[in-house]
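The next part holds the structures, each set out as structure tokens.
Across the two complexes that follow, subunit A remains constant while its partner is subunit B and subsequently subunit C.
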Partner chain A sequence: MSETALRPILRPILRHTLVAGAALALFSAILLVAGKNPLQAAADSFRSMASVYGFSELLVRMTPLILTAVAVALPSRLGLINVGGEGQLYMGAWMATAGALWFPPLPRWAMLPLVAAMGFLGGALWAAIPGILRAAKLVNETIATLLLNYVAPLIVSYSIFGPWKALGSSAYPESPAYPDAALLPTFFETRVHGGLILALLALLAYWLLVDKTRWGLQMRAIGGNAEAAQRLGIPVAMFLVAALALGGGMAGLAGMGEAMGVHGRLRQGLSPGFGFTGFLIAWLAGGRPLGILFMAFLFAIITAAGDTLQITQGLPFSVVNILLAMILFIVLARRPGASR
Partner chain B sequence: MMTPLALGVLAGAVLSGTSLLYATLGETLVERSGIVNLGLEGVLLMGASVGFSVTAVTGNPWIGLAAAALTGGLANALFGWLVVLRKANQLASGLAMMFFGFGLSALVGAPHVGAVIVGLPKWRPAWLAALPWVSASTLFNYDLLTWLALPVALLVWWVLFKTRWGLGVRAVGESPGAAYASGRNPAVLQFQALGFGGVLAGLAGAHLSLSLTLTWAEYMTAGRGFIAIALVIFSKWNPLRAVAGALLFGGAEALQLQLQARGSLISPFILDMMPYVLTLLVLLAWGGSRRLAAPAGLGRTFFGSE
Partner chain C sequence: MLTVRGVSKRYGSVLANDGIDLTLNAGEVHALLGENGAGKSTLSKIIYGYTRPDAGEILLGGEPARLRSPRDARALGIGMVFQNFMLIPALSVLENVALFLKDLPLVLDQEGIAGRIRAIGGRFGLQVDPHALVRQLSVGDRQKVEILKLLLAEARILIFDEPTKVLAPHEVEGLFQVFAALKAEGYAILFITHKLREVVACADRITVLRQGRVAGGFGPGEAQVGTLVKMMFGESGGEAPAATAPVGGGTRPILELRGASARGAGSETTLQGLNLTIHEGEVLGLAGVSGSGQKELGDLILGLRPLTGGSRWFRGEDASSWSIARLRERGVAFVPEDALAMAAVPGMSVRENLSLGTGAVYRRGLAVDWRALEAAMGASFEALAFPMPPLDSPIAALSGGNLQRVVIAREMAHGPSLIIALYPTRGLDARSAASVRDLLRRARDGGAGVLFISEDLEELAEMSDRLLVLFQGALVGEFPRGSWRLEDVGRLMTGSEEVAGV
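Take a look at the complex of A and B:
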């Protein structure tokens, strides 16, 4: 009896393990061809994660990934493809920085919600641009969000090389350090910061919104057939803009978390592609909240392995993208579908 | 009388427009067969990286160029395996290709960062060099790929619109079902279009590293793949219109470089935004009218031939 009851749980785990194993095998083959030792790389990666601190670093990495995944999953309910998480993340960090540097000195209980709201707003406004363009049927949101990814980091660079340039920092331009009140609290002497709680709350809010509210139902109606939804009296254009803006706001929170929780200043290279990775997570998880949580953890492990490759094997961090691609290739080849 | 700034911009527009044009032509071919390859950025990166690395190892840019073209074709064949044979979602497969390109180009290029290579040779016909305002500029001092850019655009146009094969490709792009019913094999035609398109994309990437910058750096294509995809829309899937688009965007890039070189007071970061913002503005101005020009079957997976 227990065997049959367990099957629906065991099957997906087995399937995921097989996919991950096949992807790892392909990736190892490529590393071998490049003259590297994949077993050594795996051992190094495992060693770096198998400690309390190593595990806590996975949680640090997971934080922006959950948020950027929600940033993709939420608009995807309406059939919108948001590939702009990366740019929205940078604009969130940028707006949060503006808040932290411009607001008068405030106590922490006032400052933290303010910078979080600013971070959300930064990402939301940035995503509203493609949202409005799409709602007005002018520009496809896929290409618009992709293009804006290249603009946002330039705004950050402009600011930290210009008006926000910290005195005495010459080698790596960065903004002045944030006031203490604007820094997210960290836990247990690790780098795990308040952004993780924010990310889990965002995931919960996403689940409630799409599964438990009338809006979620209407969003699904638009995703199914926008024309029919329009005839039913659903304000489709407004939903399109709102969903992209809400999603962008989530990615903005991710940027705020990286700036206020990890770096303590605004920097270039705040994100090693969290926005793109978030897209993959949301897509692989099919937009399911628990799936996002699981996949975000898995991808945290993979990107942590990327760091290890960089340090111990002298490979560029971006090489880990091959592993991401292998996972995607296998899943795509196994799951034919014009629908998704 | 042309000012030196205008000359510099014009010369630069042709140089940086070259890779954009090849990439746009490649994507136009692919999209005419009904397939969107959002992974073009990754294919460009692989072309740039492989082209540079092979040149660094062999010392011969022509071998590098050939390797880049082959890489582009193989990359698109992999993409074709996913979207044509496995019938996978095109957008997601394209993004997977983008990641693959990010990673593979970094892996291949890493040992050769900072290598000094001999780029593609450039020459200027004597009768052009004799013109008074040309001699002092880089105008008309081009490599083979740039000289061939216009002929290749004409060739792609001719193949697409004047040959039976091109008719077949366009038929598949409009309606794979109808093309299948009329005795064509959509999968074969799509693979052929993908292959040629990939070769063009590989050349586009190689032009960046073998002629324009003579370096390899991770992510050096800086979104050119996405700009090229936007240019396909801008040019309404027409190879000849793509020439104008590539020149316009090459010009935006050249103007930004010229202004920076002349110590413009505008921040270089603001200038760097120009190509992306211009792309968005152009798409915006094109607006709704483009739908009529797009291949009707674009982005749809054809399940019917089984």
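Take a look at the complex of A and C:
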């Protein structure tokens, strides 16, 4: 490959590494101020991740993050800001649960695609609401997606306190366990589940759609100049709804993965903010597929390290939020006025 | 009053200014004429202290002037009216003017300043309500505020960078009257433009720039359009195109509006009951002062704006509810005024832009068949005798003329039967504009119908086989070729005469 062909690949990698490095340096300074030893913290974190189990946990964390990042990145190509990944995730889990509980017992090969489709649909329909409102020029999609984040968990809560409440466990509001056929397969005796494959496929599909198809081209045209796109006969309103719905579907798959792959039932607190972290990831990666992969992995490491530090150093988990905020600041400082 | 002596400026490999000499006298309008890229803007920026020359100097009253920044220039009494006005829309006229005053006191003497604005405005024909908010003003009034700002800040040398570009014809007249009033009081005016007619109309002296050099200068009354054209473009090109004879035929209608209406929101113009037919093989000109509903009418035909009454017919079919995509598929093409805003995506390459709006013509599965697209577009560029820009370059890197060519090549690639041209030559230099007009005529000769929307009456006279006049969203006049007098059209455009000929 020539130098010019390499540059678009190497430069983002270099940039991401620099961002991560700078953020870690600042974070170390904060640990020092708090009277902790950053090197010890790094060593602890590294030790906990270096094992097969530790690494597999990173992959588990990474799975929903990739999907929620795609949920943001795809609409962003049309200039849409989807802050609703969290709500879409919950609705995905909710619909998938509905499928698993309502459908008659089916063999696994039929049940799994069904609940996956339901999960996708849940997120997609949820995101289509702001999509339609935006396409009709009624409500800005940023506001609508954000506010719907507060509604979706309430629907989940209502369901598990009410109609879906498991009979056996009165202490915990949660749905009954899913039938075995609806559980995602796990790999190598770890908690890594089939959702990871779905996530990687979704990332691939996102890349192909945006960069290789006519539709992707039209979407990017809308993002680049909506007026020109409209004048050139691109059905802008339809694309706005479709892109938000498709993005919401991705977040819905993340919710389905958490419910069917990790928890085995529908619960409150299914997501510790995966939808918001996904927004950060998509933003930091500038919507680039490899960037999303890299950033999702990095964020998995950071959150895992947070858990470790809580135990070994007695640090509150919120230090992780400090680190995340720092990364954001550094990126913002580096790209003044950048819109993506 | 101001002398430019041997000024040179180099940008990379381009010598933007090459040893330019120019003298600006008090009580004189000095026109600086040249094609796009001839070095007019560079020179004006040097005089205003925005850019420093590589060589040469600027003398004020015989003394070398120290111009290191616009602040220096302003202190020396040099003011500039930019193409994009430097006003704060949310503030009033008075506040905008006050911000620019040299001796702004801590406590604003509102009435005093308002009085000065009124006095100076009355003296030079620059009447504006000092308490109006700038954002509520028309473009012409905003320009007046810009000029007032400079006058109150005691500028004696005024540089106008293409001031007529944004103005409607009657506003241009007003500006020239302002020039005359300023001249009479001893102000010196440097008027930058590439419109020949205006130069001949109002300039006392003319300096023509070509490729960064002074190509020639004229004193009062010496200049003729023919000579100026030759000087601007060199001997080779740019001659005024011969008026073409109307082509016969032109009877089969392509597009018809029957009693078509559309509601305008905000600053848009409401269209009322328009009846209009565009035939094969004709250029239908549409005249009107700015804001008469030209853009709205173009959008209505293109399907961008829904009909609230009446109907739209395409080749005998009721097309009232057709989408833009469907109309485009049937051969409706659009050549806009500002290609980068209305017909191209700045962040994309030339190649990607060429593919937009072609629907599913070039498809390979879910992807674009780039090879077929490139072949078809290459053929289109060739048929139009346009040079094809590098396909990988970002479209925003092209010059205005070349960008317009890309859009035209794309729109012409599939042999359109109807071309909506909305101010297609605005902002283009004379040669690019002539080539666009020539091309639309060739499309007409090939049987296409052309709706040619413009505010330039001479251009309309040259182009139109039939001329319609639009005033406040209604058609108020129709003339077949050869039967109109510009005065009549002008009166209809400004609403000073009742409906004629419809």
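To be clear about the criterion, the second predicted complex is superposed on the first by the 297 of 340 C-alpha atoms of A that agree within 3 Å, B and C clash if a C-alpha of one lies under 4 Å from a C-alpha of the other, contacts with A are read in each partner's own complex, and residues count from 1 in each chain.
The rule we apply is simple: a contact is a pair of C-beta atoms (placed from the backbone, for glycine too) under 8 Å apart; a residue touches a chain by one contact, two chains touch by 3 or more.
Worth saying up front: this structure is predicted, and the values here are computed from it rather than measured.
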{"item": "Broader residue contact with subunit A after superposition on the shared chain, subunit B or subunit C", "value": "B"}
{"item": "Partner chain(s) touched by A:Gln40 [first = subunit B, second = subunit C, both, neither]", "value": "neither"}
{"item": "Which of subunit B and subunit C A:Ala325 touches, first, second, both or neither", "value": "first"}
{"item": "Contacts of A:Ala144 with subunit B and subunit C, given as first, second, both or neither", "value": "first"}
{"item": "First (subunit B), second (subunit C), both or neither touched by A:Ser51", "value": "neither"}
{"item": "Partner chain(s) touched by A:Ile234 [first = subunit B, second = subunit C, both, neither]", "value": "second"}
{"item": "Subunit B versus subunit C as contact partner of A:Ser157, first or second or both or neither", "value": "first"}
{"item": "Partner chain(s) touched by A:Phe276 [first = subunit B, second = subunit C, both, neither]", "value": "first"}
{"item": "Partner chain in contact with A:Leu315 - subunit B first, subunit C second, else both or neither", "value": "first"}
{"item": "Residue ranges of subunit C touching subunit A (in the complex, touch as defined)", "value": "302, 304, 323-329, 334, 336, 341-348, 352, 355-357, 359-360, 363, 366-368"}
{"item": "Complex contacts: residues of subunit A adjacent to subunit B", "value": "30, 34, 81, 83, 133, 137-140, 142-144, 146-151, 154-155, 157-158, 161-162, 273, 276, 279-280, 283, 314-325, 328-329, 332-333, 335-338, 340"}
{"item": "Interface residues, subunit B side, partner subunit A - complex", "value": "38, 78, 81-82, 86-89, 91-93, 95-100, 102-104, 106-108, 110, 218-219, 222-223, 226-227, 229-230, 233, 267, 269-270, 272-273, 276-277, 279-280, 283-284, 287-288, 300-301, 303"}
{"item": "Residue numbers on subunit A that touch subunit C, as the complex places them", "value": "212-215, 217-218, 220-221, 223-225, 227-235"}
